[in-house]
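Please find the structures below.
First subunit A sits with subunit B, and in the next complex the same chain sits with subunit C.
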Partner chain A sequence: MKSAIAAFALTSALVAPGLAAARPVTFTTTLNNYGGDGAYLVLYLTDAAGRYAGTLWVAGGKSKYYDSLAGWYRATGGDPAQIDGITGASVGAGRTLEITLDLADALFDAGYVLHVDAAVEDMRDSPDDVAVPLTTQGAGKPTPGRRYVASLKYDM
Partner chain B sequence: MIRLLHRWPGLAGLLLVALLAVSGAALSVFPVIEQFAAPRAAAGLSVGDLAARVQAEYPGVEQIRRAPSGRITAWWFEDGTPGAAVIDPATGQGVASADANPVERWLVNLHRQLFAGDTGRLVMAAGAGVMLLLCASGAALIARRMGGWRRWFGPARGGPAARLHVELARIAVAGLALSALTALWMTASTFGLLPDQARAPLFPATTSGQTGIAPNHIAALADLPVAALRDLSFPDPTDPADAFTLKTDRGAGYLDQGTGEVLAWTDAPALSRVTDTFTMLHTGRGAAVIGLVLGLMALSVPALAVSGFALWLAGWRARPRIRRNASAGRAETVIFVGSEAGSTWGFAATLHRALSEAGQSVHVAPMTAFDPACYRAAKRLLILAATYGDGMAPASAKGFIERLEHAPALSGVPVAVLGFGDHSFPAFCAFADEVAQLLTAKGWTELLPPDAVDRQSPQDFARWGRALGRTLGLELELVHQPAQPATEALTLVSRRDYGAEVQAPTAILRFALPRAGFWQRLMRRGFARFQAGDLLAVLPEGDAVPRLYSLASGSRDGFVEIVVRKQPGGLCSGQLVALEPGSTIRAFIRPNPGFHSGHGRAPLILIGAGTGIGPLAGMIRANRHARPVHLFFGLRARESDFLFAEELAGWQRDGRLARLTTATSRGPRPYYVQDALRHEAAEVLTMIRSGARIMVCGGRAMAEGVTAALTDILAPAGLTPAVLKAEGRYVEDVF
Partner chain C sequence: MRIPWIAAACLAALPATAALAEDDCHAPRAAWQPREAAMQAASRLGWRVEEIEADDGCWEIEGRDAEGRRIKAKLDPATLNVVKLRHRDGGRDRRREDVRAPAAPLAAPPANPLFQNGKPPVVQVN
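And then the complex of A and B:
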């Protein structure tokens, strides 16, 4: 069980109204027993146009492996400034990553998509293991992943 | 200093380094299996063709990766299910499961990080650092011990643990150092401390917007040999903005999925090559044979750890605690100790105790603490000095020579020097000799002439103690027992007497072989395993100091045989020569590996006089494979003290002894072994040129005569006895 709370800042426009228009959101990512070492995961958002909007969390501390998180890496080049203060340890097979962040209300029901890229040493890279729209209706409903992620859900 | 850098890291890191080595050795097997099991790509195959073949088999292919071992794995996604397989590059078909071996993965996690993440990685990296330090300090110690880097593979001398340690280390040290160095480099790389990462460039903002080019039509892939491939990720065909991602040993970049054009590329930094090479050497992936060799070398580490620990423990146990050591300023007698492994301290403690009991105030100090200005009450200085390697100062005497050179001699304070050494080393007591000469040169007065203790001989030490006592007007009986094993009772089964007519009553005594205990048999120690040339330490009635006799038999002969000459007034030899069959003595085995005949086919030149024939006869008896042996035997008169006469004739008949030359010293024209050697100089030289080993056993005067004769014999070949000694081809057992 991983837990973290971080003030999340996407573009300045999204956080502009201040904390009054934000609420804590808990993301719970459970991994399969895929039979390998700890997985590197990244949770990030794209906007309605499919453009990269911001990073929520990176699980895995060594930047040399970040290019295996292919979708996210393409958008950011693994820029350390993007993930300062929002990184943690990699997540073992069968384990659960739980993070809680203050997200602006404006991110919900606005076409934003939550992506999870995953990678494991000596195993395949898995960009977009999960891709799920951020909606108030979708809250609390688990979404299955493609390879390493068993399920992802977010609760408000 | 170097020894400290070897001892303390070695003791502290013992288990960690052994764990690293054993797990590493186990891991070295996997690349070999993989190299044989995985199908290999034909030399001319391009990545483009490979990718096209895989895509034909698995239209949903998403990623192809080539491991450094050459194994190619593909991953695909079809009908909503992910799939993966090891690919045969010739067909593009999957031939084996892509799943990692769970045993290997477990071992990697243990070896790399102790199952403890980054903390474990740092601990294991510290282990590798300790290993590197041990390799460097150990190599320096071996060079010092052998007398220089050029004698690296010279004969290892010393006890079994020391020999095992040196023999293993000098073969394995290069591999261990390489493994440790590459491990540290890889750790630094993992933690991002090295600018060696080949990073993919930023993803291009625009693409051609087209899709569907076949991989074998992409120029960048068609020209790329499979051996250079790291990873090829296929684009999402439904997203024209996506592209191929290519990683090679040269760099990384993106290829357009419509035109095949290189959209962006970054070259790998120069250091990445170093990291790749180091990783290959360390893991054996891509160099399985090297990996296996390194793994085998790593297997020596547990043995090195155990023998190293045993050596330290033996030295630590031998180091005595000096009780009631007088202060340097008040002591009448100051004892200086130059010791490498610590055994000389034991002798110093005995001397300290005996002098203190005789009413003296005595201060004991290491030679490193030598400072003449301090010894205000001193009436005499005693220096007990071992020698390290090829005449070097031992650990506790470093810098003594320099201090002595710069200090004025104390007037009225005479000095005695006692050397400790092993006669089988070429530079026997060389350091003690150097100290004694420098003392004379600097004008110090001599309390006693320089003397020596061979192989921790309690008799040598006791004799020197009596000489010291006479000088001081004291009754000084030094009884020093270097850690002594338990004795066994030996029953005499037969005796043969010689030499009464020539005033040298001598007996060949044969004892029944005592039953070895379970532990002795297991460890092949004591009476469970000995050979001619080892020593039988006999405890005479009424004395605690054992006397050493060279063994004339080995455990395989099934009996214990020694040759004893009655010494005038000798306590032990008197008791032995008076033994009747059925009576018993107390004794133990003291191994003497420096005086073994060894294996091989090289000729043996055995030279012995009087009772010195004993071990040589035992070696001939054990020579069942008819190795060429030439024995030179010096005796007094053939009809009186021709020891082993019947056996020698029999051994000549059955081929164990090729040639026997006797020299008799009684008679109108005395003739000694050295004369016999000169007489047969040509043949002796021929044998030495063909690699012969010379073994000399007998009295000191005889040994000196033999050395002089050999010096003349060897001169035409440009050799000296010293050179042969350094090569371990000229060994002496002198009493």
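And then the complex of A and C:
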């Protein structure tokens, strides 16, 4: 029920964005010193049912490698329309990617999950290197990743 | 993440002046020097070539340098200058993709329904 309300709220937000409550949220992804090339990263959301809800950012400019971001690619087929205007350079080992954007309040405490898929040339792909539920209580708390991501946190 | 083997085959299908924005080299197809010339350029650098293919608009070479270290390099196909060289221990002696300037501020909001108020994200790499 809660997710249905959230879905309605988000839908309303999309239809009438001027009326939607949103707040600036900063996502901070810090990478390990894994000793390889710059990492391709994608940050995307799934809803409470596990369905793809949208992409926040893709780090890495060559679309031919996007299928290495396996979880995201499975959900989107690499559809360029999903990432038009939200791509940038890959992120080097040990560095930190910060993304700040206005995110609808309806996405918090409603079962939405933030996923980070990661891939590095000549190294193993890492779908869901880290995945965290979007909750107001989880804000500011770093979550460790599995392979290339040292930690992920969001602040608002 | 592996480099697609079909890159060389696709190259032949490109229009003579095509150069993709994502590529590392941007020479028009007509200006490409042949594979043998790239091999000779590598040889002059003291490299032993184990594999050569067209990738990202460049000649890409894998092999060993004069000291026997494993290398992966990209040569501009027109000038045969080295545009990227990485030793397989992870070092790279030329530009690294990850230290490029952050993307310029987006001129238009992305076509993505998660973004509110029509504002693009602000992105920074530290």
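Just so it is clear, the second predicted complex is superposed on the first by the 137 of 156 C-alpha atoms of A that agree within 3 Å, B and C clash if a C-alpha of one lies under 4 Å from a C-alpha of the other, contacts with A are read in each partner's own complex, and residues count from 1 in each chain.
The rule is short, and it goes like this: a residue touches a chain if its C-beta (ideal position, glycine included) is under 8 Å from a C-beta of that chain, and two chains touch if they have at least 3 such contacts.
All of these numbers come straight from a predicted model, not from anything done at the bench.
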Subject >> Fit-or-clash call for subunit B and subunit C when the two complexes are aligned on subunit A >> reply: clash
Original post:
When the two structures are overlaid on chain A, which partner does A:R95 contact: first (subunit B), second (subunit C), both, or neither?
Top reply: second
Subject >> Which of subunit B and subunit C A:T55 touches, first, second, both or neither >> reply: second
Original post:
Which partner does A:G85 reach: the first (subunit B), the second (subunit C), both, or neither?
Top reply: second
**OP:** For A:Y73, decide between first (touching subunit B), second (touching subunit C), both and neither.
**Re:** first
Original post:
Which holds for A:D37: it touches subunit B only (first), subunit C only (second), both, or neither?
Top reply: both
Original post:
In this superposed model, does subunit C or subunit B come into contact with more residues of subunit A?
Top reply: C
Subject >> Touching partner for A:S151 - first (subunit B), second (subunit C), both, neither >> reply: neither
Original post:
Looking at the overlay, does A:S63 come into contact with subunit B only (first), subunit C only (second), both, or neither?
Top reply: both
Subject >> Touched partner set for A:T143, first subunit B, second subunit C, both or neither >> reply: neither
Original post:
What part of subunit A is shared between its subunit B contacts and its subunit C contacts?
Top reply: 35-37, 61-64, 89, 122-123, 125
Subject >> subunit A residues within the subunit B interface of the complex >> reply: 35-37, 61-64, 67, 70, 73-75, 77-78, 89, 122-125, 146-147
**OP:** Enumerate the contact residues on subunit A facing subunit C in the complex.
**Re:** 13-14, 17-18, 20, 22, 35-40, 45, 53-57, 61-65, 68, 81-93, 95-104, 107, 119-123, 125
Original post:
Considering the complex alone, what residue numbers of subunit C touch subunit A?
Top reply: 1-4, 22, 56, 86, 89-90, 92, 96-100, 102-103, 106, 108-126
Original post:
Given the complex with subunit A, which residues does subunit B contribute to the contact?
Top reply: 62-63, 65, 75, 77, 82, 84, 99-100, 102, 105, 109, 117-118, 189-192, 197, 199-203, 233, 245, 252
